[in-house]
Amino acid sequence: MGKGRLEAFSDGVIAIIITIMVLELHVPAGGGLRALRPLLPVFLSYVLSFVYLGIYWNNHHHMLHTVKKVSGPMLWANLHLLFWLSLVPFATGWMGVNRFAAGPTALYGGVLLLSAVAYFVLQEAIIASQGPDSILKEAVGGDWKGKVSPALYLAAIPLAFVSPWISNALYVAVAAIWLVPDRRIENALRAREGA
Amino acid sequence: MGKGRLEAFSDGVIAIIITIMVLELHVPAGGGLRALRPLLPVFLSYVLSFVYLGIYWNNHHHMLHTVKKVSGPMLWANLHLLFWLSLVPFATGWMGVNRFAAGPTALYGGVLLLSAVAYFVLQEAIIASQGPDSILKEAVGGDWKGKVSPALYLAAIPLAFVSPWISNALYVAVAAIWLVPDRRIENALRAREGA
Amino acid sequence: MGKGRLEAFSDGVIAIIITIMVLELHVPAGGGLRALRPLLPVFLSYVLSFVYLGIYWNNHHHMLHTVKKVSGPMLWANLHLLFWLSLVPFATGWMGVNRFAAGPTALYGGVLLLSAVAYFVLQEAIIASQGPDSILKEAVGGDWKGKVSPALYLAAIPLAFVSPWISNALYVAVAAIWLVPDRRIENALRAREGA
Amino acid sequence: MGKGRLEAFSDGVIAIIITIMVLELHVPAGGGLRALRPLLPVFLSYVLSFVYLGIYWNNHHHMLHTVKKVSGPMLWANLHLLFWLSLVPFATGWMGVNRFAAGPTALYGGVLLLSAVAYFVLQEAIIASQGPDSILKEAVGGDWKGKVSPALYLAAIPLAFVSPWISNALYVAVAAIWLVPDRRIENALRAREGA
């Protein structure tokens, strides 16, 4: 099985998740600009999740660049990742509607954590299928980003009940870590081509 | 007509069905974690249907691997399958909201049954178009999974009125049967390539 | 500009239209099977529109088979077709919720009529771009289906106020006309390849 | 990274945005044709936004024709454009439901303005990646449309509080400017091929 359809399906699901999320920005009944004020937290949570889904799409894209043949475990690991990502709109909406309250902020962290774990499982499934000479393994190396992120989510979940702002600062920080261009996979591919 | 666009369209519809299903998880008004409790059955029904749609996408994918030219009957058999799958979100939502009550559990079985029948019809349309030397026919062989599944759905529908838990256990069992890797099509393709 | 992206975009929009339509089947609050009864007309209108969108997708597909280069007018004629098709879920929902009442049935016919006109405009744009030797022109020939359908929609609109059942019978009849396999384009392509 | 997946993802998001927008046309409860009257402004705002999204899709398409390799900045500039476009359904719905009132009309202009800015940023990212010999730079030339449009949106925002009709006339005017076929990119590509 080629990877084309796996990519297309994942793109489709991520595109729909990202767009469905905006439906939580309910059109207010009143026409005054004040009617927008209560929507501000919903909008901010939308921005955060949009960035996260953009990062996942981007990284998913790079990771699949190293794949030539899709195996059965890879396929289910990918669906597993899409499952957790599909819960992002719910967690985002709940956090936004409740103005970043403790419970919803903790749940949001939980969904991010499980998405990160699912991403890691997919990464390992790809590495396993590539054997000892895996280019993806070489590319991710020590994978400090992949290790720090779940640790920060794990810390953010209980911290939400101390102050949701700490947790949300952590979510923003993790997103920032990933937004910084990551050339590991590109470099590994280039190095191998050069060799 | 090439199969590319048929695959792309099917992927699009299945991706949307899978994602739209999550909209049934309505964002609760309250921000306490207790507000999530009534959503648990909706979440569980979502998990079950996500797995089913993942299985359908996966199998659809493998089945179309054996297809070279798309015929008219194949095209309509495919739309017929997508029609029944498009009712999965409705059946899932109804079952979840009503905490796996008898009626919704029976309806869910009915949608699964009709989807399975539609899948079988598509399979037969492909086999018919491939003639006596059909690689798909060779691959499915006795097709015990394809025969046992509708039988179990058919049993689950009336049993829902005895106890919905029996029916739901059957739905989980059928999903488990299909989740076990199925290498029939891959093996048939490989055998032929080797020959 | 290649036609690949035009096909992919059209497929995406049609796939979403077809799936969004099912959202009009609101999950009923009660769990008894009786709760499904008021949904029957909504379900029937969904079936009718699903078939219509399947026909449009199918024909669109065949028509674009004859296209090699996408022109500007073709692109806008295609968006124009997608616009009217995007109103099908609204018309379908309104007709279903109001149990095939006169007004909604007439509006449904109006949307079908304008979709058919838009399809015709797209067909003409393709024929114009192909010049005097147009394979599509050859394929559609007298195009009796393309002429009878809008005439029947046009008749169905006022007839809805006499009896909506006459109009709905006409909608079903037009769908049936198109469901009968139409090999015009395939034949024209094959004839030319043979020549 | 090839541009195929970037195009496919963008197409998916734009296709979903365009289709989700129609959900704001809520199916009215009553079945008389009068029930459609209050929907007229919602319908008109839908038409306007459909045309805008069609223009964006079309131009995006042409612009990416000049791209061979997708860079990191390009990828994020593209997601940034999709972000603002994803707010079009909200702004459209709010403007339609409030019958083109001042506040919503101003917000609509703001979303159009930020989308135009994001489009410009993407254009510059592509030009930067193409170096001094950029074919896109040659194609857009003085880019008067790209400069006039944001200026008119900027004027339309405060003018909405004088009269929303002036602003809406400006939005229609900008759309009309872009609807006139724009052969800059095609010509630049053709000129280069000829050279």
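All chains are identified by letter, namely A, B, C and D, in their written order; residue positions are counted from 1 within each chain.
Keep this in mind: a contact is a pair of C-beta atoms (placed from the backbone, for glycine too) under 8 Å apart; a residue touches a chain by one contact, two chains touch by 3 or more.
Predicted model only: the values in this text are computed from it and were never measured.
Each step here moves to a touching chain, and the least such steps from chain A to chain C number 2.
As for how the two copies chain A and chain D face one another, under half of their interface residue numbers coincide. The distance from the centre of chain B to the centre of chain D, with each centre set as the mean of the Cα atoms, comes to 38 Å.
Averaged C-alpha coordinates put the centre of chain B at 27 Å from the centre of chain C. Counting partners per residue, chain C has 8, 12, 16, 20, 23 as the residues that reach two or more other chains. The chain pairs satisfying the stated touch condition come to A-B, A-D, B-C, C-D. Taken together, the chain A residues at the contact with chain B in this complex read 1, 5, 8-9, 12-13, 16-17, 20, 23-24, 72, 75-76, 79, 82-83, 86-87, 89-90, 93-94, 97-98, 101-104, 106-107.
Residues 7-8, 11-12, 14-16, 18-20, 22-23, 25, 27-33, 35-36, 47, 50, 54, 57-58, 61-62, 65, 179, 181 of chain C are the ones that touch chain B when the two sit in their complex.
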